[in-house]
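Below are structures written as structure tokens.
Shared between the two complexes below is chain A, which has chain B as its partner in the first and chain C in the second.
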Partner chain A sequence: MHKTLTRREFLAIAAGATAATGLAPRIRNIVIEPFVRPPEELLPGQATWYASTCRQCPAGCGIIVRTIGGRAKKIEGNPLHPLNRGKLCARGQAGLQVLYNPDRLKNAVRQSGGRGSRRFEPLYWPDALDLLGDKIATISSAGRLAFFGGLMPSHTYRLAALLLEAIGAAPPILYDLQSALEGRSVASQLSRVFFGSPDLPVYDLSHSDVVFSFGANLLETWMSPVAQSFAYGAMRQGRRGSRGLLVQFEPRLSSTAASADEWIPVRPGSEGFVALAMGRIIVEERLGHVGSHRSQAVLYQNVDVREMSAASDLPVETLRRLARAFADADRAVAIPGGYLAGQRNGFSSMLAVQALNLVVAQVGRQGGVFLSNPEPAPGLKKIPPVNTFDEVMDLIRRMKAGEIDLLLIYGANPMYELPAAAGFADAIARVPFVVSFSSFIDETAVWADLILPDHTYLESWGYQVPSPGADRPVVSSQQPVVRPLYDTNPTGEVLLGLAARLGGKPAEALPWQDEASFLQETVVELLGSSLGAYDARTPAGFWALWRQHGGWWSEKPISREPELTDVAQKALPISDPLFEGDSQEYPLHLYPYSSITLTDGRGANLPWLQETPDPMTTVQWGMWVEINPNTASSLGIDDNDIVQVESPHGSLEAPAVIYAGIRPDTVAIPVGQGHHDYGRFAQAVTGSNPMALVAPVTDPDTGALSWGATRVRLKSTGRKQILARLESLDGKGRESLG
Partner chain B sequence: MAKDANPSAEIHRRWVLVVDLDRCTGCQACVVACHAENNVPVVGEKQAAYGRWMHWIIIQRYWEGEYPNVKARFMPVMCQQCTEAPCEPVCPVFATYHSEEGLNAQIYNRCIGTRFCGSACPYKVRTYNWFRPEFPEPLTEQLNPDVTVRTRGIMEKCTFCIQRIRRTEIDSQAEGRIPADGEIQPACVQTCPTNTLLFGDLNDPDSRASQLARSHRSFRLLPELGTDPGVIYLKGGETNA
Partner chain C sequence: MIRRLLLSFFILILGAVLLTRAKALAAPRQPIAYNHKTHVQAGIQCLFCHSSALRSDIAGVPSVQKCMGCHTLIATDKQAVQVLTGYWERDEPIPWVRVNWQPEFVYFSHQAHLLAGENCETCHGDVGRMTVTRPVLKMDMGWCLDCHVKQPENKVARLADCLTCHK
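Presenting the complex of A and B:
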């Protein structure tokens, strides 16, 4: 007889089957919170805005994204966010092209023809996780696993660190080229020595009358460029009847220097001498209005102004004029920037610059220097300071020695970003199994066995504690603004999946069902805070408001005054810059600088950013060498001539740009082009990566890469390459109008 | 047509863009924002080298002096929205015309690509589609549905983001009010990190834009041509007393 199944029986069987297979429901209904609550009668074609966080650089600016019909159409700054106040830079605006990039990986892949073959076969996600889980489970000792991270969202870092700790491995090593160029690890070490805390300083530009920037490209890519640019605008014209002054000390006229009132092209590596001499003059001549400088005399006891003047190429009169301008200002601030950190005497230079703030009593005063606020809740951790280059070199040594069996790489492209002479290419070849989480096939992913592509940031969950911070405690929240386009998987979910597969300690350390529940649990620690711009009665309500606002921040500004350590009671160190390469054989200093559009090369796969002209040279889609007109004419080099640039560690060819704003003894090359992989737009450009030239030397005080300490020589090749420039060199103007 | 169809024309607005050169750092955020908002195509390296780039706003950079006393100055230049626009009378098909609120508008489906307007424009801000723009899939998803995608043979230029003006007007009309000063923001103004750019109504004496237009720092580009531009520049390096 035919037996019919009753509804009751069906439900009983279904429930039993679910329990038997041990599958908790993985799919949950999480309502996405729009920035503005739409009316219920929402019509198709009408836009909905969602708040999230920009991840094009580590700054952590708030964004709102206009979506129509489930597709993101425009990214704008979140007007409520206290860091960027509705504003966004060129890279932030180009974020849609990360999401809609035609060269994205659409699923997990395995390299079927072996590493470097660029032949990929798709992999079913559970199989990929099984494969990686097996690799981790069968590793002979946890010390043979390494995690190399770059620009990591705070929550992914925390999940990775928890998992690594549970299996007994070392925490992720954080290092990328952008953080090296902006001197992030050195800035953190400087804070520790000066203020006893690794939190990055916040310079109060908007209230400053005089800003002395020593190699800080604060209006381009350094630290938090949108917040700094906003403050710069206010410093210039935001106060009635007063206009702040900016002086830039840098061997090249960057666009920050072009915006400055005065550009002082000091000799590379001598920025610290300028600061020491100015400090000595202020203390000795009792300049300014802060009263006695007696307690600071000890700082400058070994400084001879005339020696410093000779070493830095600046006449004593100029030093005195600058010292007077700095000391006489009501509110002055000196900023030690990335170029200083890239020298072998970087740390002493940065100490000398930071000490200037002390001499004019601007530590913890309006228009001076403050510290980033600490995390507003214990669970919402910042990612720790980035690692030093020495620590990366140690990893490379261990990889070469065959001490690493499994290498996981997230958010970094070390094959492209490390100096070629560091030997990462040799080292990765000795690692038996490499996994990349990159959304794109970049130079490093090409050397991976397995690529487990992460969602792009507009499809992801997360949070970020901005560092350096704003004028108040702030956490930026990230939520998916669109449904994921492809079969990619957020790395946070992958880590949770691995923990569940490994069982035992890892599963206990990462007990969350999914990324969102981890975030929800973390975020509601802020519920009931007396500071917040909003609060809710229930955790669920708070979680909704958190996503709606795009983060959490204090209602009122809260500045954190730094506490000085005993650094002020000792003489400041004076150390000479050292350069790699003989000064006779290699007469020129190399200055590889972060591109305002491509930064350290991350933006090179976005056509909008490639098409955007460089502000100083107006070059689009290109890479070049900037040479002083006198140096160029002595070598017989003209605009667009291809020159060979040679250092003791490598050489490259690039067209010349005759550049009036650079010292005759220095050449500058933008970082970011010269990709062999990373998609059609990055590979379309004829160019080279200047990291091929950079010597892998460090500042012994900090272990940071001295990327500005390599000498080079130039040779004309007799060939030409016409760069695409917005600016016409022959005065003929545009063809379209002819 | 309903009487309230065009609220700005009714209250005699004159849209102007104020560019404070003392704030501009040449950061290019406006350039990318404009590409994103207005579906401006990317032409690639080869065409860009021919001078066929298609930015609606560019940051011009001028050198002054020689090393070491060298200075570089930035100047964002976009369609100046001239009152007496040289591009308008030369168009044989009336594709470019003048709106009642001071905008120099371009009707794409009238344009036949003579490029007369581009030749007549003294500011060189009009760009021409030499080829059919390409958006490799799925880059088409980035396109703003409020703005036409222009095809080969069409001249295009900055519109002061007319779609954003209309959107704000329609939204505020639905709420029974007129847009507040500063509420209407073209994409470049919205993103500008230093607040170099400011948009407003010159005919409203209380608007921030009209106040800045009366500043001692204000000037317009090529005033001797008598074009009466709708873009007002503020000289850099001086205090706004």
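Presenting the complex of A and C:
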């Protein structure tokens, strides 16, 4: 039987069904879980703020975290902290998603299907510690144990170093990509050569009238970006009647360059030549108000301004104009940045830039260069400068030769962060037993036998002496702002547990019951200091204030004036940049740069950061290749065309962004995407890791990775991938209809 | 045919309405058969357990530790107290089911109402006589406003403002 439904019937049924659905009995079952033991300071419904330290990058900014009912809700900058003064960057804000990340490891695991199988079985913590303790105890010689660290909390480093020393093994090797991109180890070596101390310099931007930044992305990711952005604001607007000038020298218009008064796209690797030529002009023409430059003439005795001008693509008139602007300023400062450190002549370039500060007598003078303050107490040790790439290559060589039986990895992801051509993948396969302390299953943890996940930083204890520091001695303190969400275990406690299991010397070297008691003992060294912004009468009182303030710092600014070594009495070296890849076959320079959101890739698993538009290209959830419009048109490449980028060491494909803010002979790729592991958000983005292209070459003066010294070529693939962008570039699509 | 269909829908709707009302004012099943009456008869004030009502937006459910403050010694032979002790020993929070409830878009503060001189009973009924706690009033917006517009004239404008509760 067939009956047609009339309109009226249809409406009646639809209305009835809607009403019936809407009126179904509501089932409300809202569970409210009270605390088992409430913290003393907690009032239900009222926010409690805890002060701690950000660990999203090496800067060590102070944070305060709003918690309600024992849950972390919001992270802000700590207004008392002298480094970031209440400010915080996007990466710091996104720290909540590290804590609440659904891809966190919730307990210790063993890889049951063999390394790389990605099949994990949970492991009871005491069993895991027994297993690792046995491995350490049965190792044939302590030299066959290696510890690879990245961004380590200072106290974890110290406990690890003490344990390794007690066993007789070498201290941790520290290396991470962000440190390489910002030139951390080179900056430390530069300080040692120039000022006789490995402590990093602090550039007093806020009092400067003219700032020449040579490849330092100081408003993005370089060194201490929040402190530098604050100082930049003060330089521009902080003083009545004077507005500081910023000139940025780098091959690509970064967000910092876009904020500068002038962007000078010098030829890659020739930044040092610009500095040398400017120095020579200042000395020769006796520019500025310093008086005699006679003593500095020796520095520039081999410099020919015309040669430098030709090598750097800058006319002599421009060099003269810049030199005059720099020398005539009351307070000028030149900053040797990360891009310089990534060249094979990096160290001589950085020497040349630092020498400019000497020529205008700005070393140890307001608006010039100072040194980071040393540790305020002997126990509160800074983590030592990161190791050079050469030292990492040496470890890789030993791993390949079968000289390492046990590898412990903390806070680093070398499988992702090292150039693929460095061969870490082959090397790790030769190590019989690998342990990772990562909170996430990243590219390196996949090759571990055992993963003993650390707490995330919002659940952890710790401290950090920021390096570079602030305008005064400062230590940032870290404390748990919430109870640990899962059955993870702080690595510091794991090390203490191992020491106790091993007994003998290790147990003597690490006698503390837990991390907090170790920290308490260390921190109270500051009790009674005459400098402090606060003091207490008892150790317990000091410990409470230390946690409440989020650290300890001097009440008044104390600047540390550097002492010059004999570097100023010798001619500055002039060395030509060298590049991997033939200039005919590979005509373009590769510039892999640190992303303002993902840093070196460690932020790729946080959706808030993935969806934050890149400030220059406004791309979200993606990676791309920046190409100059002239280069692109000569190769027939348009926006969103997928191009193949090929270097002598590898190749990748990515969509093109036609970008006028880059030299025609350079292509730039942001670092951070292209994860094969590291969780659903990192893996969901189509992208590649530019470290696949980078040649594993170093600057012979420093042993640092020359990540900017690789040449590439481009080829259009004929395919397209439309990038998600917040805005089109160059106002495309905004043309008037008339 | 159509008439019968409509009639059955009408009955369905009526049933749903009645069921919703009954359900809205029913006592939810709790993980522990907690008895308010016993506690109030023992002389315990509301604010002893719901201690943040005067100081915060939220009245608060007492922590397990607070319960154990007395029940380590008192009535340890009762089954409900043994269940409570179980939670304490396992270091687990008790998953209480909320009895009175406001949606997320409503800003409500216990503190403001208590400081204005309201008693707990005005909204929550005579909990001291309930063995199992249930809501006595349907706390909808009409009910809120009924009281808000009866306040002294100089306060009504503020108390009837949308943004007072929907901020």
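Please note the rule applied: the second predicted complex is superposed on the first by the 684 of 738 C-alpha atoms of A that agree within 3 Å, B and C clash if a C-alpha of one lies under 4 Å from a C-alpha of the other, contacts with A are read in each partner's own complex, and residues count from 1 in each chain.
Basically, a contact is a pair of C-beta atoms (placed from the backbone, for glycine too) under 8 Å apart; a residue touches a chain by one contact, two chains touch by 3 or more.
Keep in mind that this is a model prediction, so the values were computed, not measured.
Once the two complexes are laid over each other on the shared chain, residue contacts for A:P378 go to neither chain B nor chain C. Of the two partner chains placed around the shared chain by superposition, neither chain B nor chain C is touched by A:G636. In the superposition on chain A, A:G45 makes contact with both chain B and chain C. Of the two partner chains, chain C is the only one touched by A:E9; chain B is not.
By the touch criterion defined above, A:I32 lies against chain C but remains apart from chain B after alignment on the C-alpha atoms of chain A. Shared-chain residue A:G291: touches no atom of chain B or chain C.
More residues of chain A are in touch with B than with the other of chain B and chain C. Of the two partner chains, neither chain B nor chain C is touched by A:G114. In the superposition on chain A, the residues of chain A contacting both chain B and chain C are 45. Within the complex formed with chain B, the chain A residues making contact are 45, 68, 71-77, 84, 86-94, 96-97, 99-102, 219-220, 225-226, 229-230, 232-234, 236-237, 240-243, 253, 255-256, 258-259, 261, 263, 265, 485, 596-597, 607-613, 615-616, 618, 620-622, 628-630, 660-664, 680, 684-685, 722-728, 733-737.
Residue ranges on chain A touching chain C, taken from their complex, read 8-9, 12-13, 16, 19-20, 23-38, 43-46.
Within the complex formed with chain A, the chain B residues making contact are 20, 22-29, 31-33, 35-37, 42-46, 48-53, 55, 58-61, 63, 65-68, 70-74, 115, 118-119, 121, 124, 126-128, 130, 136-145, 187, 190-196, 237-241.
On the chain C side of its complex with chain A, the touching residues are 2, 5-6, 9, 12-13, 16-17, 19-20, 23-24, 28, 52, 55-65, 87-88, 91-98, 101.
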